[in-house]
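Labels run A, B, C, D, E and F following the written order; every chain starts at residue 1.
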């Protein structure tokens, strides 16, 4: 099992979601993070100009079976792509085990319906 | 050391917290995530009905020593259980090292008081 | 590649950011988490005193190349340090792969400009 | 010319009544903000909906029947003869009949809205609609008739100038019956029966609401003079504005001091409630107490408030999310009694003897028995009909999603 | 003494007009809150800025030229002779000229602000400034002259007491032209053309806004009587306050019932819109319909509203984020027509025959053609000049950051 | 009959004064929202608490002593003879004594509340209570006596109609002393002394606050005419309403243009401050300048504002989180001076010569010296007593938790 952590543009979220849907990845979690980096936004406040040091981004966290890792990464990468600076990154981390709370199933099987297949 | 990531119902948080407390796991972090999946909620807005594509959930993130992994998982699984669709999942990820900022201790010892024992 | 997860005091964020900047770590993500633990804050509400069971903290998530791990940890530890209870913890998790969405580069190279060096 | 002058006097008084009525109407968002601010964000749509509907339904029903039930020709001092769908382009001595209807309507809506605060976060929306109807056409107009309608209590000499008891206590005692009947919110009491704090989600909005109420109260109290022309009325409404303001200020300061002494910190939520307690308490006697009396009444109301809140919370274990019972019920009753002590005309402290105090006590009791009694009956029926309380799941996940399909914050 | 009495009468009427004007001015934050609450948080600064600027610019320009264009001596019933930078310490029969200017100014600002709601979340700030100017100095004053300025429509006997058509519809039809021309927000319609819900970010603030508007409407309608002295005026403004309140209440209840029937849940956002629909609808006839008529007009407006919203959303596919077109346009036109039926003097239902209804229909049509026509032209030019709509990126990431450099929430 | 007519006139003027007073009272939530919105969420409870307490304490103390100190029989033009616990059911020529007390009370509270804005986010709550007391019973009533109390400045012919200097500047100069003495917030200046932006947490609420203030200002300025009956007063208050509104509008537009030129973007926070600057500036001369003068004064105030903000921020390095010093102090002084130029009676531009300008300049100076001087002394003592500023930790983690034990948002 792999955990895929994708930090993407907020505005690309809907497209990524659709892309995941179309490869039968229907389960994932996401939350807002702030990305610090070179991409900045100029702001003003009561006459003081400043750069935000951060940009709001969406982090998608998703655990998939090993065999689905590549296609998931590819789907996200393509959907989140704009070509401009600030498209974000995807990280892959190894997961040891998964438990589905409702059934107490463990291992790959806990992800099955998460990927909607046998 | 293992990182346990449990995605649970928001309404089950208090019970899970108590369960962890009762097995002497007194340190953890949590935050709100949005879970995309099959469980949906019907909403209306100014006459347009729609399904929320997400449900708000709580993600508990918790690093424990290896020997405590199983009992922690069990405690969470039992406390977060309702039997209805949408109970959530628990993931286990291996952690290489831990540092306690205040003492600069590293390794298992950095988690000791986190698990309140010798 | 390692993922460094540092849970620090909210008020120390600016200093940690500067410290990371000074060792050329210019890319990271962060978000607010709530830390449950021994450190509590006393509150009152309409005449009922209570302890918050949580304290708001900032979680910094940062993926670095292996060789930069130690210096990053050190920088965070020093900048986030106050010596009082509640300074937080740093966790290190192994990362298998990284993809930069804009270029589709993989591996260490996807982190390069993230660490601003050749 | 005589006529022109009468026209001017009526014009003036009528305008005063209407403007005061507008201010009282504006208390509705004040109540809505206080309630929404002092509860959790998952129930905000529900609370707004309730506040909207009690004003809307109250406005219609009070016009349909409530108004004449309260102010119609009396039947033995107990009830007015109702006259459906009030319509009259007539004019009284001081103001148009429609202005009167409008002014009384917004008072009725105030009583109804108080109830909802005490029962927030767990009541079914349907039940809420039903009890709003009952209050608007039955509970409030009838006891209102006993006093303002010229009924038996007013015959006794009972003095409740702008409605400490008639409006505020009535609402609160119905709310007490409701909150007791429906039981506490899930999680309010731990296994040992100790109350937990369930902090409101937005005290800023709560504070804005209290400021709006304070502002609106200048319609509520000075407006209840029902006239502004002539030296006497001019002095009276100035007097009432001052006593109202001083009592509110004293209530806020006193409640702050209590919280500072007891909890070592000046607490915002109690201070806000303290200002309201002062306002409610002065309402009965605003025109007959002097500024010193007003400050004392306000301050005492502010001191009593935290203890009242605790009493209901810890001893009676009645869960009142916004403190409506203490603020409107206890303070209302207290303020009504204080008229017996501080009235510069008939109060005990001003040499007026015990009589007025006795009458006030009777009034307080009567309103409690009436409102709490009818309230209990009403909520008992709703409970038996199983439409009083939402299911566990709805309560836990929030009324907004299940009852209204709409969350307030997106 | 004669003189003193005249002084009193003018003092009274003048004061009424000013206070009513203050209340109408206070509708501005009401509009701002409704708009901001019903849209997404990334555009909040932009919406506030727009609302601020339309009031500021409108205030200046209406003084510079709009006022005299609307109320100056008529040129054939079509336009007033303008007189730049209005200045007059004179006094009319009831009030000072400056009070008149002030009262009319706040009405003009209302019309301008309605447009912005319909075009929210995608319009360039510059374009917004331009059309605010055009509305304040051209569209609103001219059609206003036809009626309130004593022009040809008023000659016909067209009755629009406080501006259901003159103010609200005009704003809404210009908004309709704008919303149609600018196109829907990105993501509003899916590939199959089905509308998606884009929920507002803070319904609590939306509800507060509606309450404020409801409150301000007591300046808008009763104030439009333009006098408060004398029995007749006293009765009139009391009457108007009652009809206004009842129609709003009925609108809210009706819209809630519709949403309950159709979606199985009483919906907050529709209920809020329903109250506004009732208010807009009663505005034309508040002084000539009786309470029963008011309740019926309000209720029908509340029933029509959800269907109007759907009609624009699904059939015409005009994306109106806050429902301004339905609330102000459809309800305004509907309310104007209803005068022909429910006017107790000349309405069809009260034996007045078909004449008034015909005149009202003409008026409704005239305002539609005028406002929608000039609006189309205006927005067509802005579109060709490529300053109507922000770029895709700005719209996606929010107007606050790119247009104003400032987010509302930090 | 003579008497009835007097009664009507008093009734009318008295009512006007009270309603104006209510509107001024309603400025309190306006101030609270502006302050809370322009600061960080961790200090929101503290700010609300401060605003509540300054109104409550001010209300009580101004009644106890401040009122008579300001308006009592003069001692050499410098101070009124105080008369504790003001109580009088008398009536003056136009209004009841209590109405007068009420109206003056809400003005006093305005002065006190301005100070808190300049010192927000780092002042101990105790210190805040102390300086509220000192301002309400000492600083404001004494300098107020010099002008409105009939003291020496008014003898000189100093014109400050509704308090640009007397109320606003006084509050702001005390605030300047306080902000200078307490030092900037942690993180406001970087190591090189360059100011950082610390954006307010909720500009929507800030904007709502500004709208409320704008609304309340129609009580502040027109109400200061202190009468509404008779043609003369009717014209005057209409005039004042118009000049007030135009100046505010011009201030908002001017500030927007400045920010657009300098930062390439029309900025909300500056625009909001610009409207307030226009309002403060017109307050001194609202009754003696004509609409053109009002627009010019407002516009200039709006232009000066951003530079004033920068001056304090960058040059003097005084950290004023909400811009209170610029908005109330600089604009107030500026507006007071402008009376010398734009007064249609005595202004330089209208052929009145230099005299009035000179007197205005003296007044501006006197108020600066008095308020800044006493302010410095006051805050010096508080600083030495070590109760002025909270500890580093409290400031960093937020005053809400440590000072009040209660966060605003949960």
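Operating definition for what follows: a contact is a pair of C-beta atoms (placed from the backbone, for glycine too) under 8 Å apart; a residue touches a chain by one contact, two chains touch by 3 or more.
Keep in mind that this is a model prediction, so the values were computed, not measured.
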*Smallest count of steps, each to a touching chain, taking chain B to chain D*: 1
*What is the touch distance from chain A to chain B, in steps?*
1
_Pair with more cross-chain C-beta pairs in contact, given A-F and A-C_ = A-C
_With centres defined as the mean C-alpha position, give me the chain B-chain F separation in Å._
52
*Between chain C and chain F, what is the separation of their C-alpha centroids in Å?*
45
*Touching two or more other chains, which residues of chain D qualify?*
5, 8, 12, 15, 19, 199-200, 263, 265, 267, 269, 405-407
*Could you tell me which residues belong to chain C and also touch two or more other chains?*
31, 43-45, 49, 93-94
*Go ahead and list every pair of chains that touch.*
A-B, A-C, A-E, A-F, B-C, B-D, B-E, C-D, C-F, D-E, D-F, E-F
*Any idea which chain F residues touch chain D in the complex?*
1, 4-8, 10-12, 14-15, 18-19, 21-22, 25-26, 28-29, 32-33, 36, 44-45, 48-49, 52-53, 55-57, 59-60, 63, 85-87, 89-91, 95-102, 105, 125, 205, 403-410
*Which part of chain F faces chain A closely enough to touch in the complex?*
195-200, 259, 262-263, 265, 267, 269-270, 273, 306, 309-310, 313, 323
*Residues of chain E touching chain A in their complex?*
187, 396-397, 401, 405-407
*Please give the residue numbers of chain B that touch chain A in the complex, ascending.*
2, 6-8, 31-38, 53-54, 57, 59, 73, 76-77, 80-94
*Okay, in this complex, where on chain E does chain D touch?*
5, 8-9, 12, 15-16, 19, 23, 199-204, 207-208, 210-212, 214-215, 218-219, 222, 228-235, 237-239, 241-242, 245-246, 248-250, 252-253, 256, 263, 265-269, 271-272, 275, 290-292, 295
